[in-house]
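Next up: some structures, all given as C-alpha cells.
One chain, chain A, appears in both complexes that follow, with chain B as partner in the first and chain C in the second.
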Partner chain A sequence: MRKEILITGLGGQGIVLAGQVLGLAACLADHLEASFTQSYGPEARGGACSAQLIISDAKIHYPYVRNADILVCMSQSGYEKYRNMLKHEGTLIVDQDMVRSVESVSGDVFPVPATRMAEELGRKMMANIVMLGFVTSVTEAVSLEGMLSSVADSVPKGTEKTNLAAFNKGYDLGRAMLKARTKKAAAKHESKEQG
Partner chain B sequence: MEPAVLTGEHFFNGDVACAEGALAAGCRFFAGYPITPATEVAEHMSKRLPRVGGVFIQMEDEISAMAAILGASCAGVKSMTATSGPGFSLMMENIGLGIAIETPCVLVNVQRAGPSTGLPTLGAQGDMMQARWGSHGHYEIIALAPSSPQEIFYQTITAFNLSETYRIPVLIMADEIVGHLSERVIIPDPAKIKLHSRPRPKGRKDRFKPFQPGPNGVAPMAHAGEGYMVHFTGLTHDERGYPVMTAEAQAEMMERITGKVRRNLDKIIQVEKYRLEDADIALVSYGISSRSSQAAVDEAREKGIKAGLFRLLTVWPFPEEIVCELASRVKGFITVELNLGQIHLEVQRCARGMAPAILVGHAGGSAITPEEILANIEELAGRVQGK
Partner chain C sequence: MNDDLKIVLFLCNWSPHAAYQTLQDSLAPLPVEIRMIRIPCSGRITKSLLFKAFETGADGVVLLGCEAGACRYGIGTRVAQRNIDDTRGILNLLGLGEQRLGFESFNPDQHQELLAYLTAFRNRIGELGKTPVVAAGRAEVSLSARSADEISRAHNVYVCQDCGKCSSACPLALTGKQFSPRAIANAAAAGDLDSPAIREDIWSCLTCGLCYDRCPSAVSFPDFIKDMRCATPANAKMNAHEGFFHSLMRAMTSPGLPVRHWEGLPSDIQTDPESKILFFGGCAPYFDTFFKNHLGISTSETLFDALRLMNFFDIRPSILQNERCCGHDLLWSGDRENFIRLARLNVEMISDMGVEELVTACPECYRAFSRDYPENGIKTGFKVSHIFELAEAEIGKGAVGFKKLNRKITFQDPCRLSRTEEGVQLPRNLLKRLKVADFTEMRDHGASSLCCGNCAWTGCDSYSKAMQVNRLKQARQTGANLLVTACPKCRIHLTCAMEDPFLENEIRMEMMDLTSLLAKTIEWE
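Right after this comes the complex of A and B.
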C-alpha cells in the first residue's frame, strides 16, 4: 500500500496543518509509515503553498510526491501549478469556489464547496478541516477514527468541537456524493442492460 | 515539571525531534536567534526548557548566541544553539573560541540555500566545507548529518556525547528538508539512553591545570564557581590556560586540540553501508540526499546494476580510510549532495585516481531526485563496464 497525497492552496488556508493532520493520523493511529513535507514562500499569508504526504506500509526513502494519487486544490494557482503531478486515474478534489476552471482528467473529480461550508459554520478558517473530512470519506488513505483523534489533537484548545463539526460536514458530503455516484452508475448500467 | 524525555511514539518534524533529542541528552541551556528553517528548534526549546528546569534565552544575534552557550557550558550545563546559513557564518569566530578553550556544546545548522540570504525556506547542503574550515586556523571538528527526524533525535544525543567526551563543539549539519519533514519518531525509555559527561577534575584545587590532558588526551573540566583555578583565553595557551606566545606552545596546544580527535577516529566516525558488498558503483551521500540515493540504489539493482550506498552519518572527520579501501574494489564513485561539489572533493581525494569519482548535485532549492541519480549510475556503469 502506498498513497501519495498533494494538498495545494494559499498561505493562511491551513494547507500545512491539513497535511500534518493527515500524516499524524496515518502514522500514529493507522500505524503506517508517513512522510510529510511542506513548501511555502517567505510571505506570511497569500503565497503559494503546498503540503505533500506519502503514506506507505514500507519504508519511505524519497519523501516527495512524484505521482499523486490524490490532489487537493484550495486555490486556482495551486491547481495550475500542480495539476500535472496527478497520476493517471488519480483523484482530484477541488474547492469549487476557489478553483473555477478544471480541465478534464482521467480519474474522479470532486468539486467541494469547502470554504463556503466553513463560512456557513461561522469560521472560514475551517475550510481545510471540512476538506479533510471530505478526503477521509472519498479516499481510503486514512481511517475515520484516526482522523477524528488527529483533528482533535491538532486544532487549538477549545475549538475541538467546532472543528470536529466541520470535519463531519465534509465527511457527510463525501458519503452523500459517493452514494449518488454509485446510484447513478448503477442506473446507467441498468439502462444499458435494458437497452 | 514535565518529563525531559518524552518516551513514546510521535509524529515530529526534524527540528522538533532535534530539540527533543537535546533534552533527552540532558541539554538544559539554549541560546539562539530565530532563523528559517531552524526556528522550530528554538521555538520548541523555548516552550520545553523552562518546564524541565532549563533556561532558554533569545539573544540579540548569533554571535552572542554562540558565546552564551560556551559560557553556560563552562558553568557546567549542557548547552546548544540552532541556526541556518547567515547565522552559521556569524557563529564562526566563537566556534573557534569553543575549540581553543575546549568547551563542549552542540550547534545545529539547518541548512538552506546560500550564499547570503539565499533561499530561506528551501533546502541545501552548501555549508559542509564551512563546517570543516569556516573558523580561522587549523583545527579538527566533528560534524554529523541526519537524514530523518528519527535520526536527528539520535544524532543530537550522539552530538552531546561526543562533545562531552572530547570537550569540543559538535555540529549537526541538518538541512531544511529534514528539518521540516515530519515522520514517526520513537523516543526510548530514559534508562535506555546512554549519556556521556565531560571528564571532571579530582585532587587539589590549587594544583589543578585546566588543560592538562587525561589518559585519552582530553583534559578534565572544572566548572565556574567550583574553586578550581581556571583561565580561559582564545590566545594560544599552556596547560594552565595562560597565554604563551611561542611556536612551541602553539605546536603543543594544536597537538592537544587536533590529536584528541585524530587519535579517536574509530570511536567518533559512524557510517552505514547499504548493498556495498559486491557493488561496482558506490554512491557516497549524507543527510536528505542519502535518502534519494538509497531509492536510486534499489532502482539500479532492479535494472541489474550493482550499486551500493556509503552513507555518512559523521561527515567530519571524513572517513578517509573506508573510502580509500572502497576505491580499491569499486569501479566508480558518485557523490550525491545538495551543492556544487564539496564532499565530492574529499571522495575524489580518497579515490586517489583508482576509480573515477563524479558528482550528482545542484545549487540547492529542491531535493535531488532518485531519477537524476539513477541516470548517472547508468551512465557511469556503462562507462566503466569491463574495467
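Right after this comes the complex of A and C.
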C-alpha cells in the first residue's frame, strides 16, 4: 500500500496541520511509514500553500509527491497550481465553495462544503478538520480510530470536543456521499436492465 | 366441558326472535352457553357494543337479524353487515379471530335452521376454546376531598392567580363552549367537588396544553386534568365512538392475546428481527379498520412510509408482531390502572427483544414512552426517538436531497409535540428541507397551534366540530393545497370535519403525514 496525498489551500486554513494530523495517524496509530513535507514562505501571507504526504507500508525513499493519489484543494489558487499533480484516476476532493471551477478528471471528484459546515458549527477555522473527516471516510488511507486520536492530540487544548464534532460531520458526509453514489449507480443499472 | 363458555346472542326483535320463540315454546335443546339479549334491530348494535362483549370476556358473539329485504326499518341489516365486517377486522388484528363473531339472518319460520346454526356456533366456539381476553374493567374510584387536594397541590393549582389567561387562550372556550380552565381551577382550589366544573368539564378538556403555555403561575393544567380524571368515576357519556377505543385498549391488556399487528406489512419493506432498533407502529391499523366505511382513511400508510424512510437510510428495524397500544388514551381518559398494564406489557416484550432504541412516528406513542411511562414508574431502559429525530440526524449527514413537489403546503402541529421548543422546531427543520412550491404557516402555529379537536377519544361534540372547521379554514387561508400533518388523530378528526355537506367546499383539503411526504420525495444526491 502506498498513497501520495497532496493538500493545498491558502495560508491560514490549517493545511499544514491537516497534513500533520494525517501523518501522525498513519505512523502512530496505523504503524505505517509516512513522510511529510510542507511548503511555506510567501504563501503564509496568502496564496497557494501545500502539504505533501506519503503513506506507505514500505520504506519511503523520496519524500516529495510526484503523482498524487489524492488531491485535496481548499482554494482556487491551490487547485490551479497543483491540479496537474493528480495521477490518472486519482481522487480529487475540493471545497465546493472555495474552488469554483473544476475541470473534468478521470477519477472521482468530491465537492465538499467544508468551510460552510465549519461555519455552521461555529468556527470557520475548523474547515480543515471537516475536510480530514471527509478524506478519512472516502479514501481509506488511514484508520478512523487513528484519526480520532490524532485529531484530539493535535488541536489546541479545550477544543477537542468541537473539533471531533467537526471531524465526525465530515466523516458522516463522506459515508453518505459514497452511499448515495452506490445507490444511484444501482438504480441506474436497474433502470437500464428494465429499459 | 364447555359449561363455562360465554356466548352472547343479540337477537333482533322481529324475524329471528319469532323463530327463537318457536324453539323456546317447543323446549328445543338450545345451547346452554348462549345468553340471549333481545334488541330492537340488528342495525342498532354498534361496533362498540359488539366489541364490548369481547372486552368483558365473551367467548363468542352472535348477531341475528332479518333478511336484507325484510328489515322493518329498511337499512338495519345493511348497517349490521358493515358493523360486523369492521368488528371482524378488529378481531383479526387482535388475533381473536373473526370466527368468534357470528352474523346471520333468519325468517320467522326458520326455527330448525336457527337451532342448527346456534348449535354449530356453540361447537365452533367450543373448538376455539376460551377467549384469551381477561376482562380488565376500570377500577371503581370516587373523588375524595383529600385526593382532589393532593392532585391540586401536585400541579400547582393553588398558585393560580385567577388571571384568566388560560380561558382566553383555550381553543374550546374560544369556540363558544361554556368551558373555562380558570373556573375548573377555582372550583378545585375551593374544594367544590360537586360543581359541574369538576363533574362535567374535566371530561371536555382537550389536554392540548395551550393554557399551560400561557399560565404565568405554571399551573400544569393538562396533568391536573389527567389526574383528576383518574381519580373520578368514569363518565361514559363523554366517550367518543361509544367507548369503542377504550374497550379495545382494555382488551389489549390481556397478555395472552396473540395480536397480529403487522399482518398488512407491504412486501417491499425490510425488517430484521435481530435489529437493536425497534419501530413501534401504534394503533393505525385499528383506526383504518374502524373508520374504513366512514372516512376511508389510511393512517397505516404513515407507518409503512416511516419504515420505508428507515430502509432508505439502510436501517432495517425490528418490529413487534404482538405490539399493543401504548396506552396514551387510557391514561388521558382516566384509566391509569389499565394504562400501566399495557405499559408493562409493552416494555416487557420490547426489553425481551434486546432493543436499545425505539423509534415511532406517532407523537402520542412518543410522549407515552418518553414521558408518561417514566412518570408512572415504568422504566423503559431503551432510548425513545421520534422518526423526525432519526430523519433529521440522517439527512444532516449530507448527500441527501428531495424531489421537487409542486404543492403549496401548510402544517398542522400535533399537540403532543408542539408544546416543547424542540417539538416545534423538529418538523419545521424537515419541512424547510422539502422542495415544495411554498410553505406557509397557519395563523396559529408552533407553540400556539390549535388542537385538531379531540384527545383520548373523549368529549367530541358540536364544539369540537366547530374547532375543526375553524382550523381547516385557517389552513385554506394560507393558500396551501396540501395540509401536512404529523399525527394519525389529526388526520382522522380533520377528515371527519370535512364530511360537512354545507362547508365541504370551503374546508376540504388533501392531507398527508410529514413522514410520508419525506419518504415519497427523498433521494440520494
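Simple rule for what comes next: the second predicted complex is superposed on the first by the 190 of 195 C-alpha atoms of A that agree within 3 Å, B and C clash if a C-alpha of one lies under 4 Å from a C-alpha of the other, contacts with A are read in each partner's own complex, and residues count from 1 in each chain.
The working rule: contacts are C-beta pairs under 8 Å (C-beta built on N, C-alpha and C of every residue); 3 or more make two chains touch, one makes a residue touch a chain.
Since the structure is predicted, the reported quantities are computational estimates derived from the model, not experimental observations.
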Clash or fit: chain B and chain C on chain A? fit
Applying the touch criterion given at the start, work out whether A:Y62 contacts chain B, chain C, both or neither, answering first, second, both or neither. first
Just checking: does A:C27 make contact with chain B only, chain C only, both, or neither of them? Give me first, second, both or neither. first
Between chain B and chain C, which makes contact with more of the residues in chain A? B
At the CA centre of chain A, how far apart in angle are the CA centres of chain B and chain C, to the nearest 10 degrees? 150
Name the contact category of A:K179: first (chain B only), second (chain C only), both, or neither. second
Touching A:Q38 in the superposition: chain B (first), chain C (second), both, neither? first
Smallest Cα to Cα distance in angstrom from chain B to chain C after superposition equals 32
In the complex, chain A residues that touch chain B: 20, 23-24, 27-28, 33-42, 60-64, 66
Going by the contact rule at the top, pick out the chain A residues touching chain C in the complex. 172-173, 175-177, 179-181, 183-184
Spell out the residues on chain B that touch chain A in their complex, using ranges where they run on. 9-11, 36, 120-122, 177, 180-184, 288, 291-292, 294-295, 298, 367, 369-370
For the complex, which residues does chain C have touching chain A? 314, 396-400, 524-525
